[in-house]
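One chain, chain A, appears in both complexes that follow, with chain B as partner in the first and chain C in the second.
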Partner chain A sequence: MGNLTIGCYPGLVGSMTYDFALKLADAAATKGHKVSIWFSGNATGSVKANQKHLKDYSTGEKYLKALLEKGVEICTCEACTVARGVKKDEGIPGIQWNAMHWYLAKIYSADRVLLIGGE
Partner chain B sequence: MSDIKLAFVVQRPQYKGETSRLAITHAIAYQTVEILLEDGQTVTPKLCFIGEGVLGLQKGQNAMDLYGITSTESHMKNALLVDLDVLVCKEDLAKYGIPEAAMPSAEEMGADKSIQIVPFTEIQKAVEEAKHVLFF
Partner chain C sequence: MKLGVFVSDFALTTDTLERFKADKLGIILVQNGVYHATTKENGKASSLLDKTPNLYALSEDIQIRGMKDADVDKRVKVVNYGDVVDLIFNEYDKIAWL
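And then the complex of A and B:
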């Protein structure tokens, strides 16, 4: 099985790009691939816990928790996250907080890297 | 010893979105990645600017004075200071009428490297040599 690293940069709300990244990660993990996701830029706003899932808006929390349960490693850029006013103790449990070198370290051992760009 | 070569290809201007700016800071992070890797494992990015990505690289930026944030110019200088290879597409600079002399330098800060203004074929070569290509 392969090792996939996804860099995810788009915001949770505003396009379906973020949703696509999570669906892709889920599909890869379900097939047995090792998957890691790096959140940077506006995607980091999605790691805040207690999101209300309104039908008109995408949600991150429900799907992120499901991915964590499947063994997907998820890490958010700490600088990008705190810049958006999200504190570590407000984050979804299980999501790692680290610096950009986390992404590069995952890339090091990845068979494939996808960078899903944002705004 | 095992090195993974990466090509960070920036094709959008930094002033129009955050992601293209993040290309520079992510590339700079190669300097500290070793704390998460085994001995002898390294990551070597090349930062390549093409298309509209060459816009907004010029020296003389005042983002810190006007907006209180680090300018792209400053990020570029930091990239040079940590010995990153920074390639800017010669044809695209010419296409937008940007003189090569307008590219910033970090020489006064003690950087050994300079921005390399190269034909697209050189950037293509960097892409071909990389294990992973990241488009910003």
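And then the complex of A and C:
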């Protein structure tokens, strides 16, 4: 099995890019691959717990929890996250908070890296 | 090097693609990029489809835009997310996102 690291940079919650990153991660994890996701920029807003799930509105929490249960490692850029007013104790349990070196280490050990940016 | 490139927008990214030097180039059309596989202007398909014989389009992104897999240019293989994962690991050494 392979090791895939996905860098999800701009991805606003509800955006096509964000949804694509999560669905690709889910498909890879389902096939038994090891998957890591790094959130940066506006994607970090999605790690806040207790998101209200409105009908036909894409939110991250439910999907993120399902990915964590499948063994996907998810880490949010701490600086980006706190800059958006989200405190660590408000985050979804299981999601890691760290700095860019976490992402660099994952890139270094991954078989494939997909950096999704620019929307 | 075998390079797989995700094209996510319905804009001609040929300049960027032509700068890539790959022994094997694959283009995976996702999001609004799937319009390259379904839309003809003045009867002509997107010139992006002439860049390589290795063309793929994500079924979910085709259908969510109200089109059918049957609307896709015959040169393009329709794939699902699981197929994309297999392309990433089995067909290409490096992957990029445009």
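Worth pointing out:
One rule holds in what follows: the second predicted complex is superposed on the first by the 112 of 119 C-alpha atoms of A that agree within 3 Å, B and C clash if a C-alpha of one lies under 4 Å from a C-alpha of the other, contacts with A are read in each partner's own complex, and residues count from 1 in each chain.
By definition in this document, a contact is a pair of C-beta atoms (placed from the backbone, for glycine too) under 8 Å apart; a residue touches a chain by one contact, two chains touch by 3 or more.
Remember, it's a predicted structure, so these values are computed and weren't measured experimentally.
Once chain A is used to superpose the two complexes, chain B occupies space next to chain C without a clash. Residue contacts after overlaying the shared chain place A:Met16 against chain C, while chain B stays out of touching range. When the two complexes are overlaid on their common chain A, residue A:Asn42 makes contact with chain B while staying clear of chain C. Legend: residue contacts after superposition of the two complexes on their common chain; A:Arg84 is shown touching neither chain B nor chain C. In the superposition on chain A, A:Lys65 contacts neither chain B nor chain C.
Of the two partner chains placed by superposition, only chain C is touched by A:Thr30; chain B is not.
Of the two partner chains, chain B is the only one touched by A:Ala110; chain C is not. The superposition places the C-alpha centres of chain B and chain C at an angle of 70 degrees about the C-alpha centre of chain A, rounded in steps of 10. By the touch criterion stated above, A:His101 is placed in contact with chain B alone, chain C being left untouched. Measuring only between alpha carbons, the smallest separation of chain B from chain C in this overlay is 6 Å. When the two complexes are superposed on chain A, the residues of chain A that touch both chain B and chain C are 112-113, 115, 117-118.
Of all residues in chain B, those touching chain A in their complex are 4, 6, 17-19, 22, 25-26, 28-30, 32-33, 35-37, 41, 43, 45, 132, 134-136.
Within the complex formed with chain C, the chain A residues making contact are 2, 4, 16-17, 20, 23-24, 26-28, 30-31, 33, 111-118.
Listed in rising order, the residues of chain C touching chain A in the complex are 6, 8, 30-32, 60, 80-82, 84-86, 88-89, 94-95, 97. Across the complex, chain A meets chain B through its residues 7, 9, 40-42, 99-105, 107-108, 110, 112-113, 115, 117-119.
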